[in-house]
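A short worksheet on the structure shown next.
Here the chain labels run A, B, C and D in written order, and each chain numbers its own residues starting at 1.
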Amino acid sequence: MKPLNIGLIGYGFMGRTHSNGYKRVNDFFPELEHRPVLKAVCGRNAESVQAFADQWQYESIETDWRKLIGRDDIDAVDICTPNNSHAEIAIAAAQAGKMILCEKPLALNPAEGEKMIEAVEKAGVVNTVWYNYRRVPAVTMAKQLVDQGRLGRIFHYRANFLQDWTISEDVPQGGAALWRLDVAAAGSGVTGDLLAHCIDTAIWLNGSITNVSAMTETFVKERMHTETGKMEPVGIDDACAFLCRFENGSLGLFESTRYARGHKALYTFEINGEKGSLRWDLHDLHRLEWFDHADEGRLRGWRSIHVTDGEHPYMDKWWVPGLQIGYEHTFVHQVADFLKGIESGQKVHPTFRDAQETQRVCDAVLTSASEKSWQTV
Amino acid sequence: MKPLNIGLIGYGFMGRTHSNGYKRVNDFFPELEHRPVLKAVCGRNAESVQAFADQWQYESIETDWRKLIGRDDIDAVDICTPNNSHAEIAIAAAQAGKMILCEKPLALNPAEGEKMIEAVEKAGVVNTVWYNYRRVPAVTMAKQLVDQGRLGRIFHYRANFLQDWTISEDVPQGGAALWRLDVAAAGSGVTGDLLAHCIDTAIWLNGSITNVSAMTETFVKERMHTETGKMEPVGIDDACAFLCRFENGSLGLFESTRYARGHKALYTFEINGEKGSLRWDLHDLHRLEWFDHADEGRLRGWRSIHVTDGEHPYMDKWWVPGLQIGYEHTFVHQVADFLKGIESGQKVHPTFRDAQETQRVCDAVLTSASEKSWQTV
Amino acid sequence: MKPLNIGLIGYGFMGRTHSNGYKRVNDFFPELEHRPVLKAVCGRNAESVQAFADQWQYESIETDWRKLIGRDDIDAVDICTPNNSHAEIAIAAAQAGKMILCEKPLALNPAEGEKMIEAVEKAGVVNTVWYNYRRVPAVTMAKQLVDQGRLGRIFHYRANFLQDWTISEDVPQGGAALWRLDVAAAGSGVTGDLLAHCIDTAIWLNGSITNVSAMTETFVKERMHTETGKMEPVGIDDACAFLCRFENGSLGLFESTRYARGHKALYTFEINGEKGSLRWDLHDLHRLEWFDHADEGRLRGWRSIHVTDGEHPYMDKWWVPGLQIGYEHTFVHQVADFLKGIESGQKVHPTFRDAQETQRVCDAVLTSASEKSWQTV
Amino acid sequence: MKPLNIGLIGYGFMGRTHSNGYKRVNDFFPELEHRPVLKAVCGRNAESVQAFADQWQYESIETDWRKLIGRDDIDAVDICTPNNSHAEIAIAAAQAGKMILCEKPLALNPAEGEKMIEAVEKAGVVNTVWYNYRRVPAVTMAKQLVDQGRLGRIFHYRANFLQDWTISEDVPQGGAALWRLDVAAAGSGVTGDLLAHCIDTAIWLNGSITNVSAMTETFVKERMHTETGKMEPVGIDDACAFLCRFENGSLGLFESTRYARGHKALYTFEINGEKGSLRWDLHDLHRLEWFDHADEGRLRGWRSIHVTDGEHPYMDKWWVPGLQIGYEHTFVHQVADFLKGIESGQKVHPTFRDAQETQRVCDAVLTSASEKSWQTV
């Protein structure tokens, strides 16, 4: 078994999900030739990064990401920092010849994304972006059904990502925990954070989005900033919805918000095709709902498929039928596919270039909302 | 259109459901040759029976059921009185040559039932019992699937009928509204009231029950009796559950209670066969859940069939796909089938003889519970 | 009991639902002082209108709606014809001093609607539009909760009306059965047929819509016309989706289509407020889902309320808890409220004026879709 | 961090779930003072046990469990072998002074269980049994609600564990993969395998079971035995259902089968109390359904609680609200609680003595089924 030395930059929520992916992958994917090694983790605060390293058994720490990238004993750099540093770090890592696993969204905007693509392609380094929901087994099976033509001509695609955790005006913005509410760090609100997931899945399943009409809203106009200690304007979008058309002629409808009382992380999508329809919901992520028009007329109905059998994507690696896996497994799957990509020489999707398409849709969405007009992607 | 003159005895909850059935059937079943005519309604209290007659447009009232049965202008007698008067009225009606529609359960016990069967068969009069749930479209479709062999060999049958309306000790027993809690009037508690429905459907769908092991409980031991005004012992079963075996080798499990907090009238059944399974739930009565093992392996799942299409049983009579009907329609369907039976000379199931089988199972269940031993039906 | 003589114009699907409402209302609403009398039904084809009259027990027929309106023995005119004749008939009926019950949508466009309002208000006649879904008990309860402030400040409103019955290219357009697919008769496709329902409910629950951005699509461009016998262009919208803003600052998202494979008549809406959220679905219309942020934190969850108790709106009129009613009951309720309105002198909502607001939103939606720009309502 | 050296005996399905628990616990429970060390794994086939050791990173292997128990560098013995060897191994391990984690069911029968208890209590060693479902967060929260008296007096408890994987007659019995179908290795069929889980949870939540009436069935009478290569009689129960009474006066109903077509591992339970009711389902294990009679009458409904918040049991250790964990996490939780028990000196439930109560109920169930009579536990 060959070691693959990982250098993790950032150690927040995503640092945990990725670390868990690296540590677990070989227990469940014994066919892999590589074993990820938690070589180093990097953060600005030495004390807390050391605590993280101790908990997760990283071999060493760094407090300057440039030093981590410069280390010879690092094979792959994993970028888990806030969005506004993705580009700089990724470009430097590419120049240092490291493989790169970058948290989503790729960048603050398409211009940054373009430079990142240029850097990794010029350096010829393996690159991937953590749009993890592609690797929920039920979502992967949805992709198989679409690719097999089981849905026929597609008429409609709709997706939501609904949360409710920022309704209180007392939630502050900024800092390690809440940088997602700070436009400087995050670039946008729900668009980059949540809709980006919906868009990535949509493009994967249904092809390119050609034009959009969007609206955004910021319900709470000012929040205490944890760095300044003062009330500051909120620059992010609290909610965003958009209409769109796909290249294949189907219509799309997307919505995301952090003000949908009662929903924690309700990412859902539905595709309606001539021959069949599919529905999925992150709150019960192991289920895929499938309607097959080829069924006998009087017995047609939405099937609730509990995607936990050995013949379902990824599920031969886990337990037995009926026993579900969870959110974190999507990261284990992505690590497995990453390692298989290295071993086979195949690209590991979504690559930076794949993720850039989502970036461009997000950008068109934000522009459409601010200009109140349809935008071509 | 030929008139069919109805004489209704009893005008409580069931009097309303039946009257509604008579009044609506011709609007939706135009192929019928008969039109029920609400000729007379009978009850002991002249004032309140007159109010009922006025509301529902009955042509006349009676206060003595023997007089109603004696009238020449009555073709069919509908018995909606408490259980302890079914036998006497039905036997008299049969002797008077009337068609009989009797509310369930057929009788207080199998001995009474036997005499009723003897009377109607000797008189040669049309007879039926209002086990209305057979005529929920989804339940009727379940019957079709079973009869077509779509489930293959049956392994399991389970049914529940769960309510929660008698949990409070302040609910009295007896009188027009609450005779179901008075053992003298009702004969038993949930067994005759609720399990009888479950058993009728089960026998219809899965054949005879051969032996049972039951337990019953009366959680509230005394209740105010509305007739005596005093606290009196409660003689009915508040809850009843039983194990059983069917003649076809399958295992059965039944439960009913009025102490299942949160359930209003949750009648559910499920059948598991070698090739497929079925599930139904009165709280969403227009849905049939169907699992077909013949489906492609990875895509197997329970289908939620919204039984509202024109090709579904009875549904060509009503609205358009997706628009549901409700509880009361089961009675309209039973009236329609009753009239078609008269017109075709076919028996209208369940006949008294059919209903007697349920009676015998109920009797075995109550005996088993009191003797704490398996009983052969 | 005073008679209220009904003259029904049109006898298709809606003619049946309304007739059923008139015939049943007094059985279940005994407090009413009026009894609707099915005096006359009008249609162009004498033979088939007579068959309808026979089935539903109308006393007489007419083949010219002007004659029906001219009859002295008609108190109220019920307009169930295709949309392109609503205005002409309603204006004539108003001038004849008749009460008017008009099927939705009010008119082909706001200009027609304006004239209709002028006519009924000038004549001072009672007028109402059959936006029946307001009177689903669960929907009425949603209104009560909103009005009581239980949701607090509203952030989001979303509604869908999804069907799948026109996916086949072989479905023709036009004629008595399929005028909804013929733009000349219907004015629009899903916008006037389905979204109009969603919009009416939305305005009722959440107040005025101020501006919209929409897209429409016609997936099947040509269909055989049943009147010409030739392939003709399809002029209606097969699908329509729009973003909007409400006057109260909340964001709206609406979608309707007849190309959502697997959905029969899936009308759903959801409202997210600061204190709580509501969800409803026509396919299980007796359920209201309610999320209350005031619940103890760890025990918060969406409650599935089976709206079948005596204390729920309208449900004291029907059966007992757990026993559901269906689609058709909304029309019975509307008749009951119509009669109560007459008896009390109160307006019966939605009046023509109420319905005109929906008309204006529909118009803005269609304009937005064709001009590809935001439109102010 | 102190090491706790684990010796695992058996390396099948349960060997994997336990190993995963040991390897992950410290990543998510940083407060623990101990770190499990995968010191040795034992199995009879050296080659395959070595493969398992390599995959899961065990430091060494043994092929004789007595040698493993004899090793000084083993602190805790984990027994994952078929049921018929639990007693012998556990007693030996106790005599060797090892902590013991035994897979469920405790033993083949109560007599064996008694000896095991005697051994561990005499030796004074920490002991626990892997009834893992207690530690599903939703189930743990159910326990909290019961203990807080939120349900009031309990009337009903019902539980099912339904599977469908042995319907085909072609499934053989015996051997490493299918010892659960071989009565010699398993002791019983669904009773010990599945109902034992239901009973353990039931006793934990609702107290002792006092008497039972059961029935069992073996649908497929002969299966090829993988060891003899011949068709052999099937000695296990394919299905088992029983009625029971609890010490607290409530009624119980339990059923398990491997012949319920369409169900993979559908473990469900429901408790109905005077004040509230609870429901849970393994197929969506992160949800707890809760009905609270204290809610305002018209708004009462079953709440679907997505048990994924930081304030829910164990969930502060994992991700963020809405992101679910899965089956395997129950074992991580049990390891965490085991370590906390060691650190605090508290017993780790269920202990052998706790598990013996389930054993005795299983025994009474099997006796009742074979003698066709009620049995006292």
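Heads up, the rule we're going with is that a contact is a pair of C-beta atoms (placed from the backbone, for glycine too) under 8 Å apart; a residue touches a chain by one contact, two chains touch by 3 or more.
This one's a predicted model, so the numbers in the text were calculated from it and none came from an experiment.
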Quiz item: Any idea if chain C and chain D meet via the same residues, over half in common, or different ones?
Solution: same
Self-check item: Chain at maximum distance from chain B, centres defined as averaged CA atoms
Solution: A
Quiz item: Once you find the CA centre of chain C and the CA centre of chain D, what distance in Å lies between them?
Solution: 55
Self-check item: Chain centre separation in whole Å, for chain C relative to chain B (CA means)
Solution: 36
Self-check item: Between chain B and chain D, centroid-to-centroid distance (C-alpha), Å
Solution: 42
Quiz item: At which residue positions does chain D touch at least two other chains?
Solution: 263, 300, 302, 306, 309
Quiz prompt | Touching residues on chain C, where the partner in the complex is chain B | solution = 13, 17, 19-20, 23-24, 26-27, 30, 55-57, 163, 165, 263-266, 282-287, 306, 308-309, 318-329
Quiz item: Across the complex, what residues on chain C touch chain D?
Solution: 141, 288-290, 292, 295, 297-306, 309, 311-312
Self-check item: Interface residues, chain D side, partner chain B - complex
Solution: 155-156, 158, 162, 164, 167, 213-215, 217, 219, 239, 241-243, 245, 251, 253, 255, 257, 259-263, 272-277, 291, 293, 300, 302, 372-374
